[in-house]
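Paired with chain B in one complex and with chain C in the other, chain A is shared by the two complexes that follow.
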Partner chain A sequence: MSEMMEKKPLLEVKNLKTYFHSAGGLVKAVDDVSFDVYEGETLGIVGESGCGKSITCMSLARLVECPPGKYEGGEILFDGQDMLKISDAELRKIRGNKISYIFQEPMTSLNPVFKIGKQIEEVLRVHRNMSKEEAKKEAIHALDLVRIPNPERIVNEYPFALSGGMRQRVMIAMALACSPKLLVADEPTTALDVTIQAQVLDLMNDLKKEIDTSILFITHDLSVIAEMADRVMVMYAGKVVELADVNTIFEKPLHPYTIGLISSRPDMSTTSDRLNVIPGNVPDLSDLPTGCAFNPRCPYASDKCREGISELVEVEPNHFVRCYYPGGEKHDGN
Partner chain B sequence: MTETNKFIDVRHLKQYFPIKGGVFQSTVGYVKAVDDISFTINKGEVMGLVGESGCGKSTTGRTMLKLINPTEGEMLYEGVDIFKLSNAELKKYRTKMQIVFQDPYSSLNPRLPIYDIIGEAMLEHGIVSNREEMMQKVFELMDKCGLFPEQAGRYPHQFSGGQRQRICIARALALNPEFIVCDEAVSALDVSIQSQIINLLKDLQESMGLTYLFISHDLSVVKFISDSVAVMYLGEIVEMGTKEQIFNHYLHPYTEALLSAAPSFDPRKRQNSKRIILQGDLPSPSNPPTGCRFHTRCPLANEKCKKESPKPIEVEPGHMVKCHCIGVLSE
Partner chain C sequence: MRKYIFKRILYLIVVFFIVSLLMYFLYNLIPSDPARNQLEALKSSLKPEVYQQMYADLRKQMGLDDPIIVRYARWMGLIPDLNGKFNGLLEGNFGFSEFFKKDVIDVVVEPMKTTIFINIFATIMALGITIPLGIYCAVHKGSKFDNFTQVFTIVGYSIPVYIIALIFIFLFAVILRWFPVSGMGTPGANYTGIRAMLDRLYYFALPLIVMTFGSLGGMTRYVRAAMIDALSMDHIKTARAKGVKEKTVIYSHAWRNALLPVVTLIISWFLGIFSGSVVIENTFNINGMGSLYIKGLNNHDYELALAMQMFYTVVSLVGALIMDLSYGLVDPRVHVDK
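Let's turn to the complex of A and B:
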């Protein structure tokens, strides 16, 4: 922990608000989200569909389409610059160069009509001003780095000729081609089979050591988080509800939602007869309950929770929770 | 095991899909989606079927219910081969066997209100005689599946994913079935909703004495719900046994790799765990490797594995393994 405190944050997100003005009303997809990513660490963001985890990450490089989206406030300090204030030209120098992305579905993120090599070379030629020959050599090297067999042959293939796992490796190669400082991986293994997922996670862990990049890892799968993250941020209905290091999150979760999530998942060592359950449904962001958005599903909710929402409080060193009753502690009245 | 004990008995089931090619669209080959598999499920038990995408697990489920015509093999339901029945006879059996699909968005008709979705089949099969009786039954089913009966007049788009899956389950239960195929029934749902549906499936199974074939790629879910487990690879069952045998005394290298590939839930385990990472991808089922189908990715493969397909061996009562290298793993 102390080691982490000395490291300086690479990315500081402060009170970020990304809203959508849709026909159905105002959707606060990212509502007052603050977090830091330190150099060399992996921060995992976990949450269910519609909790705002993907929009948070897309906001970092201003990838959210505006309109209907709108950055309503906050700061994203990356490398000394506020990503929300810089010009488009400056932004283009950062995207794919210092911040790069890997998305869930590799087939839709690759262009089907260009060869693999050409797509990787493009990044290098734009950001590194490489000549065609240099870029091609570098592309082969990048594919080699992600353990693709016969990279010399693969650069001349089209995406359809590769399997899902291979395509995701190509995406990683492309994302890492310019040695980014921050790699944002949005559900990178969700579409893959378990054995292929194991390959890709293993590869990402190896590469992280080799090229020393920070990773922002988004997933709904808690076991993948347990595997990858150094610190974990749990999101619910557009807000950060808990933030702590990975061991704390799994061993001593304090927000009732995190507690519910972790205990509701069947583990390989589960022996009980029934699973614990979080009652109710994932809320609709355009029609949130007042107060804490989790209150209708929360076993500890009181009137206080129905009226207002707690701040994100540091209850222990480096363990932040947004709840009036962290750990479900006893409270008076209803 | 006596003959009567076998509630579902699948024998040498094969499902080949022709590949059409050439000018005249003649058959140039076959995708052997399911290639000679046999297994039995006892009444009131849950059998888990696991494997990677494309291994034929969903095709197995669909073929068993004759939603697709089988290429070869038998499917005995309480001793009756349902593949040999005429359509009229089959209709009687249709009520006893139901299926719940993965995607509750595409498996519900968007233009029908919930009461019709759930009740339609009851009228068709004469389980209820009129609409009042049907509505009564629909309300009961909705209540049983954790839905509010007053929402019966709504349409599928007005429900969330988890609720839609509850509707699919209510629909499957409408005909008082005995056997339900759950084809990745919880995979598309959010984590907190998944556990609700798993509990619902388990409750219904216990209270109604249902038998499930539970198809899933998620090993921890299968371990939670199943009594017995079959592991499929490229259209074949490579290992099958009780939950205990598969998860604690597995013998096939593929089962070992699958179990090891599933990420652990404990962040402290990752530093010292030795994980087996399989090399390469799943080969195409239209052109499976010769010999043992797993040999291209198997860490134990030898010359024999490349040439000769292993025969299924029953190492213990109920524990079947298809591998030339049985015993190597434990050493």
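Let's turn to the complex of A and C:
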């Protein structure tokens, strides 16, 4: 961890705010989120559906549709540039080249009317100015890299001819074609079955070493996070609630929400029939409770939590928590 | 692919014969008697017995007393006619128009030219306006321009074409006097070449505008809806994340997908080139296919109406085949070889 800190951050997100102005009111999907991604590391983002983890990642390359979305503030420093300030043309040079994306739904993420080859070649031709022949050769190589059998044949296939796992490999090949510095994987294995999921995760880990890229990995699956991530960021209702390295998160979680998440995993060693759950539901982002958004579900909540929300505090080295009572200890008199 | 087309053509022939049989039977239900029509003029000057004799002879000569299936086969050209020659639809004889006293083929040629001329212009104009407009509205969904277009198109879509025609005549021909009220050319003028063409366009301008305007609403909304669907697909996000230009995202990635539903519409439009609009042609006094068909029906000229009907049958059958084949071209997921 300490050696990680010596490395310079590849991506610095500072106080990012991405809001949606919808008919139902203002939705603060990403509210004052700050984090860094260092070179060569995998940062995992976990959280329940609708906690803003996808929007956070979409915001990095300004992929959130505006309107209804709006970047209300903050900075996204990548490679010395503020992604929120650069022109569209400069942004396009970064998308797919230095920051690449893999999305959740392999079945719909590829254009159904273009051949696989053409879709991979497109990235190379846009960013590498390759000729058609060079791009095709490179596309075959990229497919080979993600261990697709018969890449020469697959480049001439349309997406409908491939299975979900294969399509996700194509997505990975496309994302890695230009050797990006940052790969953003938005729940890349959620739609796949477990065996395929394991293969895809192994592949991503291998390729990460091969092309030396950082990964921002979003998932709601804690077992996937345990396998992939170096550090983990936990989000709740548009805010970062805990940030630490992966072992700390699993062994010594401090935010009540993280504690709830970790203890709700099925555990082989207990004899209980029922799984532990966090009571209540994810709050509606357009109608958040005052104070800490987690307070209605939190066993340790006090009046203080209902009135205000804590800052993200470094309670121990490299372990940040946004809670007045980290670890659930009640301080009397507070 | 070739096998598929061959099979489809085979079906097409079967359907053609079934439809033609039904049509022939139906048109025979129309109370009209060609033999009586021919002799009607002589009726008063002849003795009733002589008239009856002539009438019976003529019916026999025309083959009207034969069973309907025999008459159908003769008309179709499957068996020799009374002169012992094969002379039916399949041999290129479309029949004789009792009303115009000419072969049907000669009657149809001029109106067909007129109709095709109008329709080609109207189709190109309509597609040329609606497709860019629909795409623009889809891309700028929710903007002021889009909202205005939505209101405008729903109004255009809801007003029947004959009302639009009357309003436009009143506006452009009566008040502004930009275009003539009706007709197909300056009376008495004997233009040739380009001048004749321009004169024609001048006279056809108003019906063209009305036809285009009438089709703007539905078509624009259709293209807009298809494009919005295409733009909301997941792979559009992928394309943007790849760093592709927004223009490429819209006109290549999204439009190719929007084309799948739109292509049906485009092709059916081009097939519609042959069929004239009855309302427009009658309103503007244009001698096209629509008004000819009505004329044929009103005057019991059923050979003419039947021949036209058969022509449209063939056009729509071939059109359906072209449409199915074009799906295979536009959408790789559709295989047209089974």
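In this section, the second predicted complex is superposed on the first by the 326 of 334 C-alpha atoms of A that agree within 3 Å, B and C clash if a C-alpha of one lies under 4 Å from a C-alpha of the other, contacts with A are read in each partner's own complex, and residues count from 1 in each chain.
Just so it is clear, contacts are C-beta pairs under 8 Å (C-beta built on N, C-alpha and C of every residue); 3 or more make two chains touch, one makes a residue touch a chain.
Fair warning: this is a prediction, and the values are worked out from it, not measured in the lab.
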When chain B and chain C are modelled together on chain A, clash or fit: fit
First (chain B), second (chain C), both or neither touched by A:Y300: neither
Touching partner for A:Y324 - first (chain B), second (chain C), both, neither: neither
Contacts of A:P112 with chain B and chain C, given as first, second, both or neither: second
First (chain B), second (chain C), both or neither touched by A:D202: first
First, second, both or neither for A:Y19, with chain B first and chain C second: neither
Chain A residues touched by each partner, larger count belonging to chain B or chain C: B
Nearest-approach distance, in Å, of chain C Cα atoms to those of chain B in the combined model: 7
Contact residues common to both interfaces of chain A (with chain B and with chain C): none
Touching residues (chain side chain C, partner chain A) in the complex: 142, 233-235, 237-246, 253, 256-257, 260, 330-333
In the complex with chain C, residue positions of chain A that touch it: 61, 63, 67, 88, 92-97, 100-101, 103, 105, 108-115, 122-123, 126-127, 158, 160, 171, 174
Interfacial residue positions of chain A with respect to chain B in the complex: 48-49, 163-166, 193-199, 201-202, 220-224, 226-227, 229, 246-247, 250, 260-261, 264-270, 273-279, 281-282, 297
Interface residues, chain B side, partner chain A - complex: 52-53, 160, 162-163, 190-196, 198-199, 202, 217, 219-221, 223-224, 247, 257-270, 275, 277-278, 281-282
